[in-house]
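Common to both upcoming complexes is chain A, partnered first by chain B, then by chain C.
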Partner chain A sequence: MPYYIGDVIKDEKSLVARTPEKFRETGVDVLLENGVEAIDRAQKTVRLADGSAVPYDILVLGTGTEAFVPRVPGVGMEGVFVLKTLPDAIAMKSYLREKQCRKAVIVGAGFIGLEMCEALRNLDIETEVIDLSIRPATRWDPEFSKVMHDEMTRHAVRFSPNTGLTSIEEGNYRRLRLNTTRGEVEADMILLAIGVKPNVQLAADAGLQIGKSGAIQVDFSQRTSDEDVYAVGDCCEVYHRVSRKWTHIPLGDVANKQGRVAGVNIGGGAAIFPGVVGAQSFKLFDLGAAATGIDEAEAKRSGYHPVSTIIWGNAIAHSLPGEKRLGIKLVADRATGMLLGAQAAGVKGAVERINTLSCALWAGMRLEDIAVLDFAYAPPFSTAWDPIHIAARDLMKKI
Partner chain B sequence: MTQEEEGVMEKKLVIIGGGAGGASVAAEARRRDPSLSIAMIEKGKYVSASA
Partner chain C sequence: MPYYIGDVIKDEKSLVARTPEKFRETGVDVLLENGVEAIDRAQKTVRLADGSAVPYDILVLGTGTEAFVPRVPGVGMEGVFVLKTLPDAIAMKSYLREKQCRKAVIVGAGFIGLEMCEALRNLDIETEVIDLSIRPATRWDPEFSKVMHDEMTRHAVRFSPNTGLTSIEEGNYRRLRLNTTRGEVEADMILLAIGVKPNVQLAADAGLQIGKSGAIQVDFSQRTSDEDVYAVGDCCEVYHRVSRKWTHIPLGDVANKQGRVAGVNIGGGAAIFPGVVGAQSFKLFDLGAAATGIDEAEAKRSGYHPVSTIIWGNAIAHSLPGEKRLGIKLVADRATGMLLGAQAAGVKGAVERINTLSCALWAGMRLEDIAVLDFAYAPPFSTAWDPIHIAARDLMKKI
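Showing the complex of A and B:
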């Protein structure tokens, strides 16, 4: 959706993978603009907003997440947006087109907020990001946050750290004014991008188990605490293969796989969802950033003995022209030598390294194996000693 | 009347939410079981939209 708003993707239709008509052709009855009010598990019916009751033998909850909106005055004003659904994106894009926006403020420097920087700068809108934290993208190491901050500066995006939103009012020379813990800033458009929370109210009201993470509890078959009720996607928990905990990681690619597993089981087959290693990535202007597994803090909470290193190498052969600096951070367990997590940032090659290291995490590989892994080497694509090898060897010294 | 007596009562799958997860369930369940009755209920205007 950020690429749609930034006009890289022109037509919202290309964001829809499968239309209601397509579903209807296969005999799936699609009811749009009709919410579910309640689930009656004893009667096995759901009650809709229009008052009707729909009976079920098997029920699936795919209720997703909703954008977290801070409880401060003015968040409902025109020109204040969240970016969660396609209608949100369409509303924001038409507002930006029609209202002559010259300045935007993004509240929250997570990956949605950062992806939106590029979209807004593409539209030539002055952009500022404010965040409660001291740095952007706290999922990543401070060293990578620094690189991201530099990239924002290079593209004329201002970052205001340690800044909390206290209220939104009508502005004097821009449409809106944000009052913050560190002064005022005016803007024509405000995006609230401070995170999402799972929609679990229906499930909780129906007495289904909610997990510690706050999302709906499921098993490896995607069943909830009621064997006739499944849950999939952003509303439910997912098993993290590294921390070995059930957690909440709302990502569309995970939702697709969980949906497939539930569909197989409901359709009479047998499938399990084996969990995730927590791989994620985003693009910030020319920079690619990616992470997988867990960081030191989560490793400690999970009972591991984390050690880590950050190295800066080259994504491609040193002798070739162009920006190629690539940073890799590895986290490993001192007790076993097992890889626990990885992060990367660079103009080239960050995401492919993290995908490789996600496979290593999935397989439970140890640093000594990673340090000699066989990669496809050719100067335009990599270096003879890949930054992954260098980082793994470096971290082995600490074990 | 029980399901067995009627013999033709189809199994009813109801999916709440037409996002990536719900839409995947509908597609896969349909592939596996052509006889299944499937309803997907979505409060918004779109199903299967990407983020």
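Showing the complex of A and C:
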């Protein structure tokens, strides 16, 4: 009988509705609140916290990530949160309501931090974001970071750049005080959103290979360095089809696909996970932002000769009402014209364009094709020359 | 000096703002309201309506299409319109207002007819669509036609299937009466929207090759059978990358691209137009509908072994508010798993998915790749398994 060891409610949002009983009906035994302490690969058992051992033929590791917590005083105080699990979110929501919070500070301007701005402002909570960097969302080009910063400002979110957290204390007029490299700020709630790291301790202790990225090394079939042990999801590496490197990209859709591939292989089928192109998006109030592939710096590190452009066009026909300005950045290889990456930001159509360009990246397409791709043009959905065409043509001129 | 012969305002919406003077500033002489009567390829001249001859080194034909008008009595009456040119639209709009029209009948349920439903209902005009077919938008699967029919009904547009126009007369209580194969209906305005045909008379008279589709034959450089004569836009054929046939697909974005390719070649450069995949979309009230590639019937005619599926998923996360149901149909080749075509309909996300699948078609991708394509997933923009993934997986099971 297969076992599921872990906390269903804690880590797997999609499993929330499924009780252990439901699992058992499908022949899966669920062992909750009894973590795995160690893997004995020689004996093919896992040792649980209560000292008992569970035997396995095939072991799947889905240990996920945990949120980085900066090592500064006060991060353990009440009112300081990370947002990784569903209980994290529930605890934060309860706290905000029960303590009638009026001001929040988010530490970290990555996509989780930025997505939370909207949630907090919708609760009418004064919101400030601090970050070590000079700008939000550093995966994106500075031109797009500026658009995001403007969107934050438009929704009364303050962004404090070049600001490091040094400690958290009790506040004077708010519950908490953040001491930073650029002065102090008080808040009722603090969200630490500075990133995640893969949970690899169990795998490392068992002698499984850990990749250069710090996540568990797997092959295309999701097998670890032990052929009877699989790893899937945020805890393991993934092959990046553009950089052609194994990397760590902890995203929910990637985890879903890896889980299916591992399942097919374990069930006696044959499947590979052919990798990702690094597609990612988030919503910041009215703005959609998305990116795919690699940027110039990563392209250089990966052996390409990158060249890039940013253009601003319209997501839909100029004559139609509403905000439609759409920015697209393309990165391509100068030697071959091959697309290497793309970014987009706009109220309409940014994510959709990046999905199309992700397909182009997957197929290894060149700018000369992207510049004339056949889209389902109609004025409510695009312009006759789509911003993708315009960007590709513009970049071709630079090659 | 290059000449532009034709009526700038009449046919080229994008040129409306450019006066003949503006053209002349760029070195183009514009001859208006003096049509070309004949091409003398031996003398390399075109003869104008006033009897004068204009010499050419290179001739470009951009004669477009004209709207089909059924050969039934009464189609020339006041209040009966086609919608092909900007003056057509202006005349119709003036008529609707001046005659205080309350009821319109659209003959033809293709995408032009369906787009016009929204425009007419926005003017609070009672609208009915009649069509010879049993359903609207026959390019799309019956399942999507039903969704369109429902959307029409929801906006009080009546659809009369299997109905042929036999004549138009003066009406009793409305201005006009349509006699049809299924009874009569009265209306103040009638729009004939049963399709277009390429204007090839001039080319045919000059002995240029006309393709099987009925449009002017061109090669990948947009040259006709005479190497000094180019043709671009709705009057000429286009290479379909999926059916691998030259076909007639009169769409504005295709015309734009062909014009650029011809221009590069005429200017001494070298460019080819690599063809289309048949992408097309339209908006019907709140509904987006799009299609790309070929359907089962065309796939069979093109030598493939088609297999297809339709799935219904969500365009965005289930937990988010608003209408999000999205249908996707995929057609693939049973022998190779290669994608051959796709259709989609939904309030959100239909056109965007078809654009992505158009890119996949362009690249000749197979279902096994499409089923795991890396998209920029975030709940406001998609589900972790996008409807594209779900459809591709479903279709793989049938192969």
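Couple of notes before you dig in:
As a convention for this text, the second predicted complex is superposed on the first by the 378 of 399 C-alpha atoms of A that agree within 3 Å, B and C clash if a C-alpha of one lies under 4 Å from a C-alpha of the other, contacts with A are read in each partner's own complex, and residues count from 1 in each chain.
Convention: contacts are C-beta pairs under 8 Å (C-beta built on N, C-alpha and C of every residue); 3 or more make two chains touch, one makes a residue touch a chain.
The structure displayed is predicted, hence computed values, not measured ones.
With both structures placed on the common chain, the touch criterion links A:S145 to neither chain B nor chain C. Contacts of A:N314 after superposition on the shared chain: neither chain B nor chain C is touched. Contact with chain B, but none with chain C, is seen for A:P55 once the two complexes are overlaid on the shared chain. After overlaying the two complexes on the shared chain, residue contacts for A:P87 are found with chain B alone; chain C is out of touch. Contacts of A:G252 after superposition: both chain B and chain C are touched.
Once chain A of one complex is fitted onto chain A of the other, the partner contacts of A:T224 are absent, as it touches neither chain B nor chain C. Chain A residues 252, 256-257 lie at the interface with chain B in one structure and with chain C in the other.
Touching chain A in their complex are the following residues of chain C: 14, 241, 251-254, 256-257, 273-283, 288, 290-292, 349, 351-352, 354-360, 362-363, 365, 369, 372-378, 380-382, 384-386.
Within the complex formed with chain B, the chain A residues making contact are 1, 15-20, 23, 26-36, 39, 46, 48-49, 54-64, 84-87, 202, 230, 232-235, 252, 255-260, 262-264, 266-269. By the touch rule above, chain B contacts chain A in their complex via residues 11-34, 36-51.
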